[in-house]
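Presented sequentially are two complexes of subunit A, the first with subunit B as partner and the second with subunit C.
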Partner chain A sequence: MIKRQHWSIPYFIFLVFFVVLPLVLVAVYAFQDGTGHFSLSNIVKFFSDGDALSTFAVSLEVAVENTAICILLGYPAAWILANKKLNRSAVTIVLFIIPMWINALMRTLATAELFNMLGIGLGKGTLLFGMVYDYLPFMIYPIYNILNKMDKSYAEAAEDLGATPSQVFWKVTVPLSMPGVVSGILMVFMPTVSTFAISEFLTNNKIKLFGTIIQENINSSMWNYGAALSLIMLVIIGITTLFNNEEETKEGGVI
Partner chain B sequence: MKRVLSQIYVWILLILLYSPLVFIAIFSFTEARVLGNWTGFSMKLYKNLFTGGMQGASSLVSAVENTLLIALIAAAVATLMGSIAAIGIFNMRGRGKKTIQFLNNIPMLNPDIITGVSLFLLFVFLHISQGYLTVILAHVTFCTPYVVLSVMPKLTQMNPNIYEAALDLGATPSQALRKVLIPQLRPGMISGFILAFTMSLDDFAVTFFTRGTIGLDTLSTFIYTDARKGGLTPELRPLMTIIFTIVLVLLIVINVRQASLAKKSSR
Partner chain C sequence: MAIPNDVIINIEHVSKSFGDKKVLDDINLYIKKGEFLTLLGPSGCGKTTMLRIIAGFAQADCGIVSMDGADITGVPPYKRPLNTVFQRYALFPHLDVYDNIAFGLKLRGVPKDEIEKKVKKVLKMVSMSDYEDRDVESLSGGQQQRVAIARALVNQPKVLLLDEPLAALDLKMRKDMQIELKEMHRKLGITFIYVTHDQEEALTLSDTIVVMNGGKIQQIGTPTDIYNEPQNSFVADFIGESNILNGTMIKDREVSFIGHDFECVDEGFGENVPVDVVVRPEDIYIMNKTEGAQFTGVVKSCTFKGVHYEMFVDSDNGYELMIQDYNAFEIGSTVGLLIKPCDIQVMHKERVENRFEGEMTADDTVKFLGGEFKVEPVEGVSAGDKVEVSVAFSGVDLLDHTEEGNLSGEVHFILYKGDHYHLTVLTDDGDFVWVDTQDIWDKGDLVGINIESKDIKITKKND
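Here is the complex of A and B:
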């Protein structure tokens, strides 16, 4: 074998310096007051700050709703695309992937402008629509991928053993496609909680999401509080990631 | 019947997905500064974009230049470092391998805003003044994991005997590397580079937090500031249309090529 295991050392040092150290710093800043002494004041501040708490609740609510709508709309689409009898054209699949490659900010602004022109008032409804619009491809793609690679003989075996088409769908196809749904959820849920620009544009800054208050605090030099909010978000990500199994994250490549 | 219904469903979704982009594209061919006002067909916005005959033209053009330059440098550095790291990781065993693979996953799982804030704190902590260098370093940080993941499968698929055969036939390790290993890894490196490049182009949050206060703008941060000022610079409409068309053509070409290659190899 090629003896080059030491070749990963530079990258390891890079990762420690630019990934581990920054995350440690988030925790350090979160537990410091303005003068650099250890303090729980930032965490206490968050849990006693009504505005921050309600923003947090709204973010989770919007993220859950967005994820649910994306699954409801995206799963059937992915299923149709992966089904050779219902969809023979490869172009429709590419058309669903393309929006993932276009700057999210640009797409969001285009949506907001479209709402403005149609005279639809910006608020919760437009926020959800815009979020679904932005993230739907990220739900469809992983589910499509899993369904497409799925061994068709399982479904055929179920059919041969007397399952009705709906039984085949619910008892074979859906359980086998769960890994795709899980990575779809990861790709939709977390970005929704953390975005800041998207919610500003789609609601004209009427509805703030959690990402927005992090950004506001960092930008107004409230680093410690901003770090504490980031830490809280990191905890949520940690919890969500527990649902993920290692295999999904190994799939690179969206082309 | 089922086929027709499912096609209708898919196309309704596609129309919804594309309507804002099409809407921007249509209104890039008129002069009105307010979006949605059709004042007759005109190519003036396109002309302005290319000749710089508009307000804030230089900042939009330099934002586009910055975006491309940063993406190019970040993707090149990420491809180099990621490919070398992938070779190293592939040859590692046990806990060391697990650790570095775990660390490699973190930037991909972290939301942009956390990557941005944490790197911002790093640069503040180390008193590094923020600008081009910090933005590029930040982009390398979130791009490299994708390169590692694109190169790894090529290493697993490779027949290790080819490399050893080269050594047995008298090639030096560096010749074997250049003439045997790298050609084998090239497809993975190329798709890693493309992925890194587009990730960098798309980025907003990380750039936003690491660009400092020297007035460095990429396309994303330019759009953000522009929209917050109220009203989008009309010349962004043709720019978005051009970018959209490039992506559309590029991806369709890549996919059609891939499909025909797949057909060939399955024969």
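Here is the complex of A and C:
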């Protein structure tokens, strides 16, 4: 009989070739100049490039706005879905998930067409609309999951101690569902920082996001600068993830 | 029913169903100020639903719950002056011990320094003084239990509801907490309503025990009443160990069971009336000599139980009796047995045979309980007639496979009657069939139900 631990070999190989190796390559390219010598010039270039920095700031701003809108829309939606009195069927939950089965690019293109048809000018508004449309399910699902699994005796205990239904919601349900909100934030915030397709189709590249400049650099064969930008984004996302994880294990997260 | 004037909670005609299942069936109960009342029964008997209706988490389908004379049936839980200790404690994991306990006081806008005083006081009462800043999830089960009690008591409720609060603790800790709860009740003087399935716990703690089964109250009484004078075989079986036997009340103060006539203290049952007889295992006197004994038996088994020995003895007429005594008797030896008149508890039988409403579908076929059964044709009864069907307990056959029977069901309750088992079987349609059998079944077994034509008696109903 083969030892159980041998079963992990295919996964290990996959990890090496498709996760570790590409990451190492990104890092190596980021610290090389065009001729293949070690150099910090790419990193320096980014921090002295006003355009790149402002694009980065815009990206963060859009990501924060998108995440905030997703929470504002997603939390009540998840709460209604998880409430057995308001939602008696599993079908409604599936309806929220089904859009995720359709390719995001196709949905984005369709959304752009819709705006064209309605004669709505493409810009920040349409960009945010597209992002919220694409990423809302990723916010709803983890919150729904945690609300759905939450022991209802917590709410009953609060009510028993004199909390009105709205006090139960703000003092018990919301704090206890924070881990779901945190994973929702991670699943929405990070992809929105790096996305470029949505801004391309829904603003006609009027608004450039950080992902867009990475894509432009790579497309124009500026591999080293593109790799450096990717690495910078990776580090920033990594930092936010660590920050969130720490919060999650300790207190259940914060907004 | 005259209701005393020191009643704090009064429950009148409360019923509740979940779907088709009736969990509470016309419950009437009053709870006196300051008493320790326990709702006792097996799982699914409706005790927790009853507590939830009192707390306000569940709404009765019909009936009235009143507190201090005011109708609170429709009052939401947060407006009721009572607090609950939940089965799994339900301590808020995002708050520490102090904030958990202060939760109710903060909601009511109690000043900060007063909250601190009250929290400290109640923590001292449950012996958790140094735990204020602890994370509730870092506490042991027993400590969480104490915090849960403190969180409820700090609000100074008029009534404290406890839903199986000790169920998750180990035996030793449960015993300690029982003593502490009893002590707290004595000190505080408030009303405790306690839910448990543990009869020993109920006997230890309560002033009044309400035994429930199948959504109905079986008996209300003090622990000694319930133990010594159970009103039916369910209560006798559920509370403590007992020998429950079929008997016949010959006349006042004389009852016949296990093939012998005994003197007893019960009167007013009538003559030659079938009854259930309960004798506690510690109330059968066992001795080595047979002179002076009322009947004899042979010891079949003898097990040491700590304080006493538990023996199973086959009586001279073939009934198996459980006997507890401080002395051990040798297996296989013949012993003399004696039961005192005051130790024989005689109870009315709830029923002496199965009775169903039926309808003739052909001259030799009757439909009842949702199944069709062949019967021997009876003069004057023809197809389409409504009939009353009666079947002796021993006339019902249980089969291993549900598809072999005319009906199928599940073994719901088992009572050993000394020489046979008396089973309550719940059919798939939700009706009860009572069965006497020698075969051993377990609770929850799925069975097929068959009744032979010779065992079905039909009489035409007079409209």
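Here is the rule we go by: the second predicted complex is superposed on the first by the 237 of 255 C-alpha atoms of A that agree within 3 Å, B and C clash if a C-alpha of one lies under 4 Å from a C-alpha of the other, contacts with A are read in each partner's own complex, and residues count from 1 in each chain.
Note that in this section a residue touches a chain if its C-beta (ideal position, glycine included) is under 8 Å from a C-beta of that chain, and two chains touch if they have at least 3 such contacts.
Remember, it's a predicted structure, so these values are computed and weren't measured experimentally.
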Subunit A as common anchor, with subunit B and subunit C clashing or fitting: fit
In the overlay, answer first, second, both or neither for which of subunit B and subunit C A:Pro175 touches. second
Between subunit B and subunit C, which one contacts more residues of subunit A in the superposed model? B
Tell me the contact category for A:Gly50 with respect to subunit B and subunit C: first, second, both or neither. neither
Which of the two partners, first being subunit B and second being subunit C, lies in contact with A:Phe96: first, second, both, or neither? first
For apex subunit A with the CA centres of subunit B and subunit C, the angle to the nearest 10 degrees sits at 80
Counting only touches as set out at the top, which of subunit B and subunit C does A:Ala163 meet: first, second, both, neither? second
Looking at the overlay, what does A:Leu105 touch: subunit B (first), subunit C (second), both, or neither? first
Based on the superposed arrangement, let me know which partner A:Ile218 touches: subunit B (first), subunit C (second), both, or neither? first
Superposed, subunit B and subunit C have a smallest C-alpha gap in Å of 13
Taking the stated contact definition, name every residue in subunit A that is touched by subunit B in one complex and by subunit C in the other, in rising order. 251-252
For the subunit C and subunit A complex, residues of the former touching the latter: 55, 57, 76-78, 83-84, 86-88, 90-94, 103-104, 107-108, 151-152, 155
Applying the document's contact rule, which stretches of subunit A touch subunit B when the two form their complex? 1-12, 14-16, 18-23, 25-26, 29, 73, 76-77, 80-81, 83, 85-87, 90-99, 101-107, 109-111, 113-114, 116-117, 133, 136-137, 186, 190-191, 193-197, 200-201, 211, 214-215, 218, 223, 226-227, 230, 233-234, 237, 241, 249-255
Enumerate the contact residues on subunit B facing subunit A in the complex. 2-3, 6-7, 9-11, 13-14, 16-21, 23-24, 35-36, 81-82, 84-85, 87-89, 91-93, 96, 100, 103-115, 117-122, 124-125, 137-138, 140-141, 144, 146, 148-150, 160, 163, 181, 191-192, 194-195, 198, 201-202, 204-205, 208-209, 219-220, 223-224, 227-228, 232, 240, 243-244, 247-248, 251-252, 254-256, 258-259
Please name which positions on subunit A make contact with subunit C in the complex. 151, 153-154, 156-164, 167, 171-172, 175-176, 178, 251-252
